[in-house]
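So that you can tell them apart, the chains are marked A, B, C, D, E and F in the order they are listed, and the count of residues begins at 1 in each.
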């Protein structure tokens, strides 16, 4: 029973590391599917797949998890949700159980008859990509959310600066809600 | 004068049925264009075209409206709005009047010189796809909004469960408004 | 067991009509999937879906085959072959057997576990879209290949002229085979 | 050092005109890149590239800025942000400095090693496409924000009516926030 | 009557220059639409739009044709031919007559009711992009086919080397015709 | 200096294996970029990325090449060639030298300033994907071209049958060359 763990890993945080270990406790090996693989340079998806790949490799290398035990595969978004499971099947060798927390991902695989489980994330209210990005923007401690090897990689390449720049605006006025004008 | 009625039919509700009858009172036959045909599995567009096609057929069959009187044609969204009327023309045999309530649809056809009319929906504040989806999620009576044959089809295939699952979230924290951080 | 017959119908010829009757002899009803639905204005796919839809309706109306007995659904090509069966599933209500003569179509459905049969076309060396297009271009009798209602529709709208124009060229020289230059 | 000024110009307003003059004070010539070139008929991007091209030509002609001094090039959005700089390079002849106020545009060019500067817009809280669209919808004076030749062009072609129609709605009920239902 | 001349200009050769002059003899000004604008780095379309834009500007500048007299607009290919005229309309300000030699282009515009004329190219058997590419690959004199300013630009940037590299192959065997194997 | 080896691996044959060893003799580690990653089910690209990934892993496992020494990354084709290097950069962590035999790949990377080398394939006239596919179709010995673990994988999953089916045709007549009709 080959497990496929799907996440966006923006970035790979301590909760993800916990989940990888949890799955490897129950299975011999693991495929890590990196969702929204082609997205980058947005607040929701700041990092490229190449960058996320490096983060995951560094984090698992640091934990002495052998590369013989897992594969990392980029999975792009589909033009239409109904096509997404087929995209996964064309990229990922035979998997038989999916670990994901995304309601849409879970529903799409269930409709195709797959076994789906939630990813048991550790302290989800803290260890999340969204909380990481919030802390980066508001200048709080974001490093404690990440495996130290990932934090170092981000800092070394100044990737957190990208998030701050993307969040910046030079507009002196408030965003207008057009729906309230009429 | 062949009429083309355009809607998304997510799902086909009593207001849509009223409109079909209204148009067939004024025209011999009707083309039903199903917009956003390739979208599905989202809160705004939960059902596939295949599912919506079945709903429309069941609803009109129940009303003894003969299939000789209408055609149902899926119409995908365009990459760019300026291309959308051409997409309709490549899929729909010569039509000469458009019935739609979507401001963009109406504008695009008008700019190409077509005659456009609103769809006279019945009790729009109640009979709407949005209200249907709201009731499904909040556990209220959604069946009364639909022709009974459509409600049965949804229930039989547990399609309302899809909406509930898509609306669910496992996030313990509130969504962050990044624009308020800086 | 709902049968799905897939073809491009460029145009709908006597062989196709024979096949529709053959299938309706064995099944109560039929879904006609029109492949490469968004292609048009090429030598291989000269007609739009809207035009092909009209041809099929006219041919089957002339044969007194009731519209209660069949549905016509446009099916676009997929960006990647692995996605195509999912596209069909998102557009076509539950079908359980596929009739097609295209090797790729047959293979793709077989890999997904579907029952697939060839379309029993009548006198295939004559009744084919390719032979039709050849006759149009070389000025031979193309009408005898088509149901008369289809031939009339094409002539009335001068659609055969489109094929002749697309086949024309104003180039006074022969096409160069670059691979032979080096 | 050929400067490339990138904006969406929805529409071309007095702030843009000020910026063009500012850049032409410092450089011999200028390339004007029109971003989101294929978008139109939305509240954020109401005008087509063809319309925006006419606006810019009229505005600069009125100011006696010779067409020998600038080029106008449409630049579509990329499917993925990482591809956007390559799209610009495939459309725009060698430029060496970018003027833009969009944080994403600036970041993407900086990562590729380009020199990037902000566009020095004049009275940005007033002269902005967003303020223009707000005034059109709420019936306030929008003409004073535009070069008079642009205002005339919009009025002559009744393009402001497009914005009003797109902002209209026939829905009698409030938009539902689904995230608050569960 | 604003004329729109459509070509691919791979590269802009003496025949194109002759055509521009021919059209400007009959009209005050001209829009030059550069087709397949996003294609490059193939034997059929070796040059980017940015490169073709430079070629056209250099050729017309050399002929003292003022930039006040013409506009150059890139026109991408459409996903589906039926959408192509709409793409042109979204990019090109109101034109009323099309000059082109491509049978498909002519047909598509005629079906939409436009006036279409062939481009009167000079000595077409010699002055053609195909002949240019053939000469580059076989080492014959290609410069005499081009305005000297275009030939200089290509040579200066070694763009003809790109064609030679693209035509090269490291395969020691002949291309197999699979259709002959079965 | 991290090397990136790019091929389509349809399938991974003895020549590819030789090349991997050649590169690992010169570098500590290697990234294997699988081109046309999303293509499959055609004569030129019969296998999915998932299948090619399995082939490569089996071949290198058999050779006792540790997974610590290499990464395998799928690389899709670009819509436009000018975007392809950016796609590689968004998927592949910092590489500094490219090994490829495809003229287009080499040219595109060279234009972006990368160091590019040919892949030193062993007996290229025999060990090639094209020769493999030819032998499968004509019933000759194709297994000797592949590492035995790859041949076993193909046979076990009957993947060679896919090639034979795709090459089949049910057409009783010869393909018409339309260009010779006019």
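Some notes on this structure:
The rule we apply is simple: contacts are C-beta pairs under 8 Å (C-beta built on N, C-alpha and C of every residue); 3 or more make two chains touch, one makes a residue touch a chain.
Not measured: the values here are computed from a predicted model.
Under the touch definition stated at the top, chain D and chain F share these contacting partners: A, E. For A-F, the matching interface among the pairs D-E, D-F or B-D, defined by over half of the contact pairs being the same residue numbers, is D-E. Contact count check for A-D and B-E (C-beta pairs in contact): higher for A-D. We define each chain's centre as the mean of its Cα atoms; on that basis chain B and chain C are separated by 29 Å. With centres defined as mean CA coordinates, chain E is found 45 Å away from chain A. Distance between chain E and chain F, defined via averaged C-alpha coordinates, is recorded as 34 Å. In chain C, the residues that touch at least two other chains are 38, 40, 48, 79-80, 82, 89-90, 167-169, 175. Pairs of chains in mutual contact: A-B, A-C, A-D, A-F, B-C, B-D, B-E, C-E, C-F, D-E, D-F, E-F. Partner chain C is touched in their complex by these residues of chain F: 38-42, 48, 162, 165-173, 175-176, 178-179, 181-182. Note for the complex: chain B touches chain D at residues 43, 79-82, 101, 103-104, 106-108, 111, 118, 124-125, 128, 130-131, 133-134, 137-138, 167-169, 175.
Only residues 37-38, 40, 48-51, 53-54, 66-68, 71-74, 76, 89-94 of chain F touch chain A when the two sit together in their complex. Within the complex formed with chain F, the chain D residues making contact are 78-80, 82-83, 85-87, 89-90.
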